[in-house]
């Protein structure tokens, strides 16, 4: 494979943004372990505390790419913002019932209060989980709590009966006696993706290729190294609570791959039905194969 | 009748005590009008504030019509230097304030009195204005109206005309004396002007430097004399008073 | 010498024009002191504001020492009613302001003059205080110091003593006249007090109702007389002036 | 009314100027985050009925928040002004609470008051009440003591002094403080309406932001500004009615 | 210094009282979101060096934001006070911008100024500058015109009038307006430090929140309050030095 290492011709900085969540671990490791440098890539990795800030920066042109989700990419495309999915990440979203909610399985969730964030992959995952269990979205009371720490806290204090949470919040909820009712991963969907603007793909394709090569290296490293060796790095960069030290379990990560078209189509249909998007989108137009190999 | 017996006042400000007045003893018969003059800071306003019930922390005794002075029981008119009108009340609400607070019903008698006072002071037409829309002289007249309408047992005035210019001042003084002659309300007023004291005070009380005590009380035969300032006696009396002032308010 | 020729002033406020003064013509010889009296609102302050260069929008001609009056070229002292001290400057900075603005170096001459003036007015010890820490009389003296230190071509005073009480006022008048006799600065002052006009004005200018014009200019033989108020002539002159005032500032 | 009409005209001028500037800026940067005002206004139809309900919901929260803050703030402010003891006790508390970033307390407020309107109103109250307390207390203490002279000499009761002097004397400051509160309360809607609700102009803006619907978002901002302005005008009219003497 | 010392003592009392109240509330509600103050202070050690750098970073942003707002606000405020024309032009603009929720403009600010310190400082400026403009303009217009009399009669130049009268006369209002600005600027750190940085006390609080590290979060809030208070004291000392005459 043609590596750009050594060719020092006007390298551009790649600006990449993500929320502090589990999916960003490979990027953080690649940065810390120097994998980007090895690929000759100069990266500016921005970690945001809220999705809105990330979106604002992305839209304002301060970022070339982000970790987002399929719903967000639909929204971008719907708003004529040409963003392409270039890969999948292994972030998962879990539906956890509170210890005192009386919910033991998906059957008990009817009529209960579920904390989500609206018009996001979180709501999408909840709806998909409900439908898989022969329920409809109307069967639960959706309670909007955008901030994830607050969503977790409302679950812990029984203000809501269940909550849809990403890692590490879901693990914390389960540690407190919460019951895992289902997850996106259990349905073999991986709604969390990496995406770049078409503009960046056109102007910085070499850099993006280098980015994914480093990503794959990081995946190899993570899969083959005990967590304890890089635990501190991710605690610092990702926003894991300090007291999870020694208890972090990472899923087996996959090297970069594009999500299945059917999966994207399902998200498009959902968003269309919800009225979140108006345009007729085509999964083919939403992905781009950068072809690293 | 107002009786003041060994009155003295001490202010407590920031831990140190300031004796501001006293001891002062005097007696004002019903229907008299007294002028008080004294150096700046000698306690003239303090005295009026005691008599008007604003300062309640004093030593000595103050009796009005043989009862301990109490603004809730007695009816006391008070005209401060800045006229004491409330800017948020119309002229009418301002001069009716006394009746309002005392919750007096307006009977035939009072209504006549109101008409007479307003007419004399020529402020009928200002009824609906706010004090800010009045000249100094007009404000003064409204303030006088407020006190005369309530027919007080005692009227107190603290430099009532000093904020007015020369001409307006003489007009206001004459209006006041006109009304006063009608109602003969027991009155005590503070002034910085010898002229005013002679023109308006049946008796003139001279107070010493702080803490103020009474230096002398003078009978004033020139009270309410027309063309006062052109009389020979005026010159004498005023130069006598001036002499006391020059000697630092001592005899 | 100050020459005022057909001066009139019109204010433009909210679209309607108010003629506030004029036409006024007068001449003040060097080393003279003129008192101006007139009814409230007749334009006295307006006249002083023109002469001090504060109002520059006037009709007519004003010449000082044969040049068109201009505060940048001329040296003009101005004492407003509230003394015009800057609360954020110490007393020293306040009285040195005139020299500061005119960027005058302090030579032997000026230093002597400063010493003399401060000494006369007895404010040496107040140097480092702020105006808020002074009594009215002290403020007045600092304001007078400011003007005398600069040795102005023209001194203007707008009711300079009216904010002081009777006693302080007489003291201040005497201090002022003492200094004035030393330096004989051409002076024009506005007053509401007939007494003050007679005591301090070599000539007394009477102004009519708004828009003010000159009703009469009177030579005052009583200027700077000791024990003025006890003189027979004083009574005559003051009752003459009072007569004019009573007739509504007309002859 | 004169003052109100003048303000409306100033507002309209400002509105026009901002739109022109906005148009030019949008024209220059040509980015989706900054649609031109024309695009925004052309799209107004699709939101219109929706907007109405949102404005009402926010108005209710803002009004309730300001109302409660006023009741609490005025009472505590008066208490502190009248009683030296209470002033001594409460002053340090007020003083310390002033710079505490109340928005950081959102999680606690949600836990204590739930996800409903109560917690939204409470956060508005928490932010406003301290400044109202301080301004009422200072306004009362700033009434020159001799103002009470004439009414005291008439033997007025505490209550009469209060009704005839204290209240009218502090009214202008109180209205100014309400005016400032309105601005603050509206900008707090952003936090308050971010959770537990599907109604409110703050929600409308946040929702549009999430959906990357910048036209909707700017429309919401404009509506919020106009709402703020209308509340300002309402206060102006109230002031002209209550403070005729000014 | 007397004023400052008095304020420090009031602050300490307030601090104590808040902590006692906090302790009681924590004891009653027994929730993880509300750890007791004792727990918070016991954990201070693990953050200490970290906190220092964070405070410095925030201080820089706040100082720069307030500084720029002052320069802009004072110049524009003076311009509007001195020139009727400019007042006519800028007044509607200022008036309309006042109630616009500036935090909603984050996308534009990022667009125009990127993700770095400049955009953080700019959002502070955007929120503060209007209130400084208004307060400077009003302060200048409120100087009674006869204040200038004595200095005009001395033939002072515009610049001299400015230095001897205008500036000292508006100084107290300016300092009050800076004091208010500090409170606002600190609470804006919450937005401003949520992106593009890993330093700052706002970031520290947000980060602790996301980590569900409530002890750290409250520590941050306390530190922010103390920082605010110290800036207040600094202004007090400045005021006592510059406004000796008060």
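Letters A, B, C, D and E mark the chains in the order given here, with residues in each chain numbered from 1 onward.
We adopt the following convention: a residue touches a chain if its C-beta (ideal position, glycine included) is under 8 Å from a C-beta of that chain, and two chains touch if they have at least 3 such contacts.
A quick map from chain label to UniProt name: B, C = Aliphatic sulfonates import ATP-binding protein SsuB; D, E = Putative aliphatic sulfonates transport permease protein SsuC.
Everything quoted here is computed from the prediction, not taken from an experiment.
Participant: Provide the labels of all chains in contact with chain B and in contact with chain D.
Facilitator: Under the touch definition, chain B and chain D have no mutual neighbours whatsoever.
Participant: If I count C-beta pairs in contact for every pair of chains, which pair wins?
Facilitator: Contact tally peaks for the chain pair D-E.
Participant: Measuring centre to centre, with centres taken as mean CA positions, what chain is farthest from chain E?
Facilitator: Centre of mass proxy via C-alpha means gives B as farthest from chain E.
Participant: Please identify which chain has its centre, taken as the mean of its CA atoms, farthest from the centre of chain D.
Facilitator: Farthest from chain D by mean C-alpha position: C.
Participant: How many angstrom lie between the CA centroids of chain A and chain D, rounded to a whole number?
Facilitator: 38
Participant: Using mean CA coordinates as chain centres, what's the gap between chain D and chain E in Å?
Facilitator: 19
Participant: Need the CA-centroid distance for the pair chain A / chain C, whole Å please.
Facilitator: 82
Participant: State, to the nearest whole Å, the distance from the C-alpha centre of chain C to the C-alpha centre of chain D.
Facilitator: That pair's centroid distance is 51 Å.
Participant: Would you mind listing the residues of chain D that make contact with two or more other chains?
Facilitator: 31, 33, 107, 111, 209, 214 - these are the residues of chain D that touch more than one other chain.
Participant: Out of chain A, which residues touch more than one other chain, so two or more?
Facilitator: Within chain A, residues 52, 56, 59-61, 147, 149, 153, 157 contact more than one other chain.
Participant: Which pairs of chains touch one another in this structure?
Facilitator: Touching chain pairs, listed by label, are A-D, A-E, B-C, B-D, C-E, D-E.
Participant: Show which residues of chain B lie in contact with chain C when the two form their complex.
Facilitator: Per the touch definition, chain B meets chain C at residues 37, 39-40, 165-168, 192-194, 229-230, 235, 238-239, 242, 245.
Participant: Note which residues of chain B are touching chain D in the complex, please.
Facilitator: Residues of chain B touching chain D: 49, 52-54, 70-74, 76-80, 82, 84, 86-89, 97-98, 101-102, 130-132, 146, 150, 156.
Participant: Per the contact definition, I'd like the list of chain E residues that touch chain D in the complex.
Facilitator: 7, 10-18, 29, 31, 33-34, 91-105, 107-108, 111-112, 182-183, 186-187, 189-190, 205, 209, 217, 220-221, 224-225, 228-229, 232
Participant: Which residues of chain A touch chain D once you look at their complex with the stated criterion?
Facilitator: 51-52, 55-56, 59-61, 75-76, 78-81, 118-120, 143-147, 149-150, 153-154, 157, 159, 276
Participant: Which chain E residues qualify as touching chain A in the complex?
Facilitator: Per the touch definition, chain E meets chain A at residues 31-33, 106-108, 110-111, 114-115, 194-196, 198, 203, 206-207, 209-213.
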